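One structure is given below, encoded as structure tokens.
Residue numbering begins at 1 within each chain, and the chains themselves are lettered A, B, C, D, E and F in the order written.
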Amino acid sequence: MRLLINKIILALSTLSALIGLGFLGWILITLFIKGLGSFHFSLFLNDLIDGGLRNLIIGQFIMAGIAGLVGIPLGMVAGIYLREYGRGRYANTIRNLSDIMMSAPSIVIGAFVYAIIVIPTGGTSGFAGAVSLAIMMLPIVINTTDNMLSLVPKELREAGIALGASKYKVIIDIVIRAAKVGIMTGILLAFARIIGETAPLLFTSETSNYFTMDLTQSFPSLTVSIYDLANEPEESSRDLAWAASFILTVLVLCINLTGRFITRNKNK
Amino acid sequence: MVMSIEKFSFTYAGASAPSLKNINMEIAKNKITSLIGPSGCGKSTLLRSMNRIHDLYPGNKYDGKIKLLNEDSGKMENILDIKKENDFINLRQKVGMIFQKPTPFPMSIFDNIAYGLKIAGIKNKTEIADRVEQALKDGALYKEVHDRLNKSAMGLSGGQQQRLCIARAVAVKPEILLFDEPTSALDPISTAAIEELIVELKKDVSIAIVTHNMQQASRISVYTAFMYLGDLVEFDKTENIFLNPKEKQTEDYITGRFG
Amino acid sequence: MEKIFQKISLSSASLVFVILIGIFITLFNASKPAIDEFGFNFITDARWNEEVPLDDAKKAPASVEINLDDMDFASNDEILLDDDMLLDESGDDDILFDEEDSQTKTVYGGLIPIVGTLLTTAIALAFALPIAMGIAVFLAEIAPKNISHPVGIAIELLAAIPSIIFGMWGLYYFAPIVADLVGGYQVSLLTAGLVLGIMILPFMAAITRDSMNTTPDVLKESAYAMGATKFEVIKDIIFPYSKVGIIGSIILALGRALGETMAVAFLIGSIFSLPQAINDPTISIPVAMANNFGEASGLGESSLFYLALILFVISFGVISFAKLYFLKGAK
Amino acid sequence: MIQNFRQSVDNIKAKVIDIGQGLLKANELLLEALQDCDEEKFNDARNHIKNISKKTDDIDNEIIKVLALYTPEAKDLRGVVAYLKITNELSRACSNTRSFIRGFTEVCSDMDVNVIKEYAVPMQTSTVKAIALIIEMFDIEDADEIKENHNEVLIEESKTDDLYEMVETNLQTLASESNEFGKYYTMLRALRKSGKIADRASSIANLLVYRRVGGSFHGV
Amino acid sequence: MVMSIEKFSFTYAGASAPSLKNINMEIAKNKITSLIGPSGCGKSTLLRSMNRIHDLYPGNKYDGKIKLLNEDSGKMENILDIKKENDFINLRQKVGMIFQKPTPFPMSIFDNIAYGLKIAGIKNKTEIADRVEQALKDGALYKEVHDRLNKSAMGLSGGQQQRLCIARAVAVKPEILLFDEPTSALDPISTAAIEELIVELKKDVSIAIVTHNMQQASRISVYTAFMYLGDLVEFDKTENIFLNPKEKQTEDYITGRFG
Amino acid sequence: MIQNFRQSVDNIKAKVIDIGQGLLKANELLLEALQDCDEEKFNDARNHIKNISKKTDDIDNEIIKVLALYTPEAKDLRGVVAYLKITNELSRACSNTRSFIRGFTEVCSDMDVNVIKEYAVPMQTSTVKAIALIIEMFDIEDADEIKENHNEVLIEESKTDDLYEMVETNLQTLASESNEFGKYYTMLRALRKSGKIADRASSIANLLVYRRVGGSFHGV
């Protein structure tokens, strides 16, 4: 009887795993077939106005890059505070708030940036888009740093201190180094996540059909454009959306795999 | 005598009762002194007071005196008076520490040892290289690692890591080395190697070691302190503690009839 | 040096606090007009962007919430005046014209998107939960290493795929099939919920598997060593042991589903109407914002901010609850 | 420590006491035998100290086993090491007793019982007392009490010394008077054994004090 | 004799060389047999073969025989022949196991012990309650926990947790109990309590114990096997291993001159 | 094990050997002294075995310290326990040597040197050989070699036994002839000491074999 129940349950869970994997496989296959079908190398050479994606890809990267430049150092230093200096209720509150912020709906962050930047400056801009992405990234980096630092045994810090190093030196020379791989992986994953974000950009950066480097104007965004294109009635627009999705997915997966590769290499 | 602990009490932050009560003992020069006692007796707490590593965490309370010999002036100075960051750093360079788990820094074997030297203000590259080599030899590790000094220290075995940590601590030429159960995470053979090393080290440095392995205390130390519930029950030559303990509590612990 | 470093790190950390407070205040301020206008009745009002006679505008909410006191009415009146001026500036001709003869008023109520949000989330969870558990159990305990490892990585990678792609796939490939099977519209509560479910599936499965993997081998071995079957080990040892982590993963997935915009935007239909059946189209808060923010202004925009505030508060509440639960569980 | 260890130590102690009691019994019987030169009692006495070396070897082996298996410390260690030395003393004391018996069976055959009574009995009485005292000591826990016993043993031992000196002078006078030098000489020699037994007893008392009180191994 | 290991070899999945080579030894009935040797000598691997817990992970290879006494028929049956899930479960109920780290299940103290009984098919509530109580008494834990049987087992101290695990294993009345370094995570006093308990248990059950604490092996076991690099170097009565080892390797290990 | 331990054990061993060599030297000098009844050499011999009990007590204390501090096992344990017993044997052998010397200083004063030479010298030669053999044994590592030495010691010991029996008969004849019973008797008694020394030597040999080979503590 026990053995029978055992068999049944195990079969059920294998089955559900197969169902779940089936769906996910279906999505990937669709994406690859449709994406590769519409993919052409000229997409990288032309801007959207000419039926290409060049400006969108570059725009997306610029916004994510600026977000990273702001969010990563701030997040890391904040994470260091939480794990190394913060004590008692204040640090705990910050930690909890940061976790909550990480799960805050991205569209709400978009709305926030809309209210504080887009309305006062009178229009959507690449700058506003970058800010909303930075806000999204900040808690992820904080969380990653905090968690990775917590994996560093306290003896390692004490050993540094016992050797006569001052605390910040111990943190920079030893603790961060010990957590380096984990933090880098975490940051890469955070970057992969924000580069695929659409919702906070919808009404902060919007998108643009033209190539621009002017951050004070509506800025080209790959994801927002995918949304727009997918909702166009013409087949050609949708095909372009699929191609863009394909490129976006490949990008995100590459960043992800890089992160994994680093971790694995280090563990060896 | 390089350290003298007088009427020392210690209370952890937020604790209502002191964890150490009126401890009086000393660390003899170039000798090994061990601290034994059941878990929670305060032996680690006492050891960690000797270089004030407790001060990493705020709010702990000290009482009494812990005097450290100033080799230059020949005077005993109370380390509990230290307030300035700089003096803490000096203290910890004088009183090194080795922990239960090996704590190699995430850098190369060479850099692990050079790190302490650089902190101590040594900049001359040749001098650093020489002292790293010497430290590795002192740590009985040079033979095993001399061909991979630039490899990560994480790749060493547990016993080697611990010897690396000892070498690292020795490199800055401390006056006292504190060992906090240095072998309890190691197998018997690595343990034997570390013990041998510790005995070797006492030529140059005075040693205090916390161990929950009584046999270890008996094997290597000249003086032994038995602690129980925050009290120093008995402090005497090791042979007396193990052969003719004066206190019944000590005797019961030593003979295993404890608790 | 030490002090400077400490100060910098403290201020960076405090930034989180500042931003969160900032979000709350900004959203509150921006939605202030709508809050003042509609009060808490906003939540139970199913009308969005409907012009109604002023009397009705007052009555409708009163019919739902009878115990409004006079003070509320008074304040409503005052603000109505401000509102008119605001509308003036925006130059909405209709209202200007109608102002004298028949007093009409545009009413915004949040009930439909709120219900839409909650229902899509519920459907998504109901769909994803058993499958995610199945996947996690399969990966952690059933599959041999040479299968569980690549599949595990695949699942984690899928969790990273941008949500917009789930939306597109759902709209063009999944929804037609569901509609064929169940009937009704292709864009509906059901398809939106299911696609949302598929989207959070890998996320949930990955975290659940991770927390199941934290069960020490010796603990499992000691249960096997007593003669327990695999299922018994999973049920009695692994699940209780990783309970906190699993519930955490569910709540995190819930938070994600609540705030998800793009996957839902393609599929929910974006129609402000209360769904009568599970395969009716409707709208959710994020979708309402995504679709209408650009064009909205005045009270409409303020109402959207009000929706954003509500969404923010709900997700804040859910995560805080989870945090409290974690703390309890940890103790 | 663990019950196995306690058992082994108790077992060793019991065996040591057993030999000690054999020694005591033998000396008591000897004392009785001296009163009337009862040869049967001499034989009886001998029976109580048979195969001693086998027994002490056995104990020694057990002690080494305890040292190897249980690594005793402090009191326990002092105990087993003391026993290891005590077995030597006991086996010497027993062989002295045997010599004593052998000597007196010879003496009895050609000596006046009254002479024996007058000289041998007081000495052997002290020896018996000394042995009885050390056997008590095995079970005394109180440090002061054990030291007191130790002192009493020493007193009995020095009594035998004094008595022997007295006896020696007296017997030498008797010998020179009677010109039966050999006979008295044999008796003196045998009597000296009694003193040696008391001497061993005092060594054992020393060791037992060490077991209980510690300090330096020999010489309290 | 309840178990006899004959020409036993073991190769881990994917390993090119066997981890255990041609082992011959036996477990005596109602006696304690200990396995000692340096880290990596295969002592744990051998122990874990005795209830085939290795089979949780696929691909390992067995050779030779491990025969277990069938108490009913009086015959020795080779446990390496077991293939069916059901037989595995039976085997593991006959051959219990206690691990290095205490492994209390995440449930109440009572349920921890009742769990094994329920698995063994006992449904009667009173019987379960009785046997739980008995097991706790056997585990020398009843006095300490009888007033909080429904509290989580995670709240117990390390030593108590380990005794709970022992009680849990004892509850199903196994014929053999395997201990895999049961005290290496505990302080000396808890260790002493566990040792005492193990010695007590041998009245009802045969015991095999892996320990890297030689003194522990010497204190409690009647037979000792010394292993090195996957070989069984010497298997004899404990006193012979510690007093008169026949092999030089054993002697060197015992006297600490090893390696 | 650790160097402290090795040092202590080596130290103990050195001290034991030191006493052994004193014993050997004393007996060698004794042998020479017997050749010509050289009183000075007798005194010389005595000087080599002075304060033995202090020395053995010292060793015993060190051994106990080793047992308490280093928990030796196997060979090491057998070694220190053997030494603990050897100190007893050595101190007995030394006191026997002293008695021997005392006896012969007496004998020499009124005995013909040739008689001494004829009877005492061969016996003492064997005894000296036996002692020399055991001192060698301390440093022999090879098991077979040590057993061989042990056998040789046993042979020397039984030689002394045989010689003593021979000497006894001869001296008794001489005594009855000369009627100087006492004089010969004293010599016999002194000679018996030489046998006893050899006896101790064989015990020590036993213990040294045990140290190296193991087995049962006593009696190989």
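What we mean here is this: a residue touches a chain if its C-beta (ideal position, glycine included) is under 8 Å from a C-beta of that chain, and two chains touch if they have at least 3 such contacts.
Fair warning: this is a prediction, and the values are worked out from it, not measured in the lab.
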Graph distance between chain A and chain D, where chains that touch are linked: 2
Which chains lie in contact with each of chain D and chain F? B, E
Ranking chain pairs by how many C-beta pairs touch, which one is first? A-C
Chain C and chain D: spacing of chain centres that average the CA atoms, whole Å: 96
Taking the mean of the C-alpha atoms as each chain's centre, how many Å separate chain B from chain F? 50
Chain centres from averaged Cα atoms put chain B and chain E apart, in whole Å, by 36
So, what's the distance in Å between the C-alpha centres of chain D and chain B? 52
Could you pull out the residues of chain F that touch at least 2 other chains? 1-2, 64, 68, 71, 73-74, 77-78
Listing for chain C: what residues touch at least two other chains? 2, 229, 232
What residues in chain E touch two or more of the other chains? 85, 119, 192, 214-215, 218, 242-243, 256
Taking the complex as given, what residues does chain F use to touch chain D? 53, 57, 60-61, 63-64, 67-68, 71, 73-74, 77-78, 81, 84-85, 88, 181-182, 216-219
Can you name the residues of chain C that touch chain E in the complex? 144, 216, 218-229, 232, 236-237, 240-241, 243
Which residues of chain F touch chain E in the complex? 1-2, 71-78, 214-215
Residue positions on chain D within touch of chain E in the complex are 1-5, 64-65, 68-71
Residue numbers on chain C that touch chain A, as the complex places them: 1-2, 5-6, 8-10, 12-17, 19-20, 22-23, 26-27, 29-30, 130-135, 137-139, 142, 151, 153-158, 160-169, 171-173, 198, 201-202, 205, 229-232, 234, 252, 255-256, 258-262, 265-266, 286, 289-290, 293-294, 304-305, 308, 311-312, 315-316, 319-320, 323
